[in-house]
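Letters A, B and C name the chains as they come in the text, with residue numbers starting at 1 for each one.
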């Protein structure tokens, strides 16, 4: 929180009329014949930090721009607070957008950049410059007020863009991949600052990103998207531990997805048999699948143990056998990638465990886990690991 | 950056050859102008030769004497205002048209190629066509009507091309940010777009002015009975062999240089202000 | 959409009135008759075209023009290419490259006529070059062929129009990704190989545009060739010019149409090679 001066939050009331709750109802956006976004229903609570997460082309930026008013939905409604805002210009919605390239006006000093909104409202020069200066003080850039954007570093430009957006007193702040242009170190630092800022201001933040660790670090609510639809919208914890679909499980990283046929199901204790013949024990709840149906399960990578084993060693329940394809040292753990069940299977083995009994590429190993650590997915996996093309970055 | 040079810092021999070529080319470009400059200061012995004998300013004086050297002042008094009008119109028309072309609209390609065609068609053909047009309309050709139009047919395509280049590079995020902050369409143009593309507009103005001020083929016939400066010079080259011609050349070149210097330094000034601050 | 059409209206109006209609009228008038002492008589006749195409003078004038065009094209291409190459690939500092580029451009913004006639005291019998050569003893008689000859015409054309080659080629070359050159060198190409295989193909558009400009400028010119050849050489346009002097607008128009067709044919074949709109609008 180094760059923010603690001050009273902006005047945004959490009452119903000034609520920053966002509701999308049946929102669809088509470009020509292609659907960018199809029939989206989403409610973002007032004052929450919401991350829209997904790969390029999934529609997350389109949704952001529709909330902002820079795109109009083909059909559907968008509510911000009590107001239906489709058709209203951005400035009347109570939203402010931070652009990926910051879009600071190159011909104006940063003071005039921040004061721009007030100038558009015909506020007098001295008054608006005074207010802009206050805003710059909050982001600790007041000493550079007469500089031009081209003279500032990337991190500084971003803070100016923030100040420029916040001076509009928004109920909702929309951020389009704000951290993508920064290097690793700066990215982590700014991440913390964004979180603190949102805490302090108490307004709704909607943040678009394609980086999974960023989303779960920042968000109260993560919305995972895939080609125009929302796969799952939940807290970060729920998404990580109880993904609904194979896509979410893989995309959030750290999850292996296995599929099997239900062999037995008595009182919630289910048994699945995979195509390769492995047996998985799994806890099925009341919506237990019938015997003979297909089910997919997810197992976290860090909850898998690896031991040497070949064709001779018996493979017990909750295990798969495979050949090591790669090992990657990651400091506190080693990422061991196997080919098992005809697909990719990853175990993040703690470094202590790994170096006690290292395995190399080509070794035959067995991966095991506990039945309690298995999570049942709502959708059966069809694509395999190759279907998810974005690594979580673990 | 240089291709296939094995060591840092040192230059391949091709660099020196090309640098020599470049230097020779620059001498080739500026040499004759320099010669004219020197010759305009020669004395009354008035031979178009080197070296100079008794330098004097007499030939500059002669320019203002219409009997000996043609109607230079009169021609100048037509060329200059015409160039200024062409400059202003070129900026206004090219800029607005440039903005129009940012969207797709029916007929855009047709208009674009027509503009390009206007550049390609030989000036003489256009001159003939223009005066025939005016004759059929019962109007008489004059520098401020048909001449103006003929000059515009040459300057506008250039202006359009420059605006294309400039607006093409304009990041649309600036306008979106302005809209986000409450600016209307008009405010966005006035407060954001125009200031950002202003250097490009200066370039358009420069082209508009110089292309008109120096225009010859399209001025032919279309300016009517009173000549513009280039036409007057043409008359002088065929009739007059006095060094007053060189004095005129120097004067007109100096004016051109002034205009160029003002335009380029304005652009430079704006760029520096934006990258280095006040 | 209305504001857009309004925005592009002034341009369209000017182009229509001062380009399309004039060219259209030229075509129209080329089919009219010319009667001595009466003037232009509206008619439909191809007599003008027949006259021109059967007249050997017309052919020799066009031949002369085409000859100049090709020579000038070749020279300006060589000069333009190497100078652009020097500026883009040999000059390391971008600011200096732009500065030098501007140095080449500045003369363009001064009067063409003045630049042309400035060659007279340089190339003349008692001019700069001859004086220098005589004084240093290289020759004992002044060189007559420097001025008022084909040589001086070509010199003037090159002087005026090389810039039109430099600018588009410079533009194309500046867009070439430098790492392509490095990749070629890595693959074992010699300096010349890199130019032939990488630079030249990627500058194709610029070269085509430059060629287009040079061709149309040379073919449409009449004052350079008249002044610099001392009236000895003619060009396609001098034929037009002569007819205009005698107020024979129809035949002048027909000649102009022939010239226009030739120029358009050349332009069309160049457009075939290159997508001009993409290049110019990018």
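Some notes on this structure:
Assume a residue touches a chain if its C-beta (ideal position, glycine included) is under 8 Å from a C-beta of that chain, and two chains touch if they have at least 3 such contacts.
The structure presented is a predicted model; accordingly, all values stated were derived computationally and were not measured.
Viewed as a contact network, the protein chains form an open path, each link joining two chains that touch. Centrality annotation: B (chain centre taken as mean Cα position, compared with the mean over all protein Cα atoms). Averaged C-alpha coordinates give centres for chain B and chain C that are 17 Å from one another. The distance from the centre of chain A to the centre of chain B, with each centre set as the mean of the Cα atoms, comes to 55 Å. Rounded to whole angstrom, the centroid-to-centroid distance between chain A and chain C, based on C-alpha atoms, equals 59 Å. If you check the complex, the residues on chain B that touch chain A are 171, 173-174, 176-183, 187, 191-192, 195-196, 198, 273-278. Of all residues in chain B, only 1-4, 11-12, 14-15, 18-19, 21-22, 25-26, 28-33, 35-36, 39, 47-51, 92-94, 96-97, 99-101, 103, 105, 108-109, 111-126, 128-130, 132-133, 136, 149-150, 152-153, 156, 160-161, 164-165, 168, 206, 210, 213-214, 216-217, 221, 229-230, 233-234, 237-238, 245-246, 248-249, 252-253, 256-257, 259-260, 264 touch chain C in the complex they form. Across the interface of their complex, chain B is touched by residues 1, 4-5, 7-8, 10-12, 14-15, 17-26, 29, 79, 82-83, 85-87, 89-90, 92, 100, 102-104, 106-115, 117-122, 124, 126-128, 131, 159, 162, 178, 181, 184-185, 189-191, 194-195, 212, 216, 219-223, 227, 237, 240-241, 244, 249, 252-253, 256, 259-260, 263-264, 267, 276-277, 280-282 of chain C. Here chain A touches chain B in the complex through residues 68-70, 89-91, 95-97, 99-101, 103, 105-107, 109, 116-117, 119-121, 146-148, 150-151, 164, 168, going by the rule given at the top.
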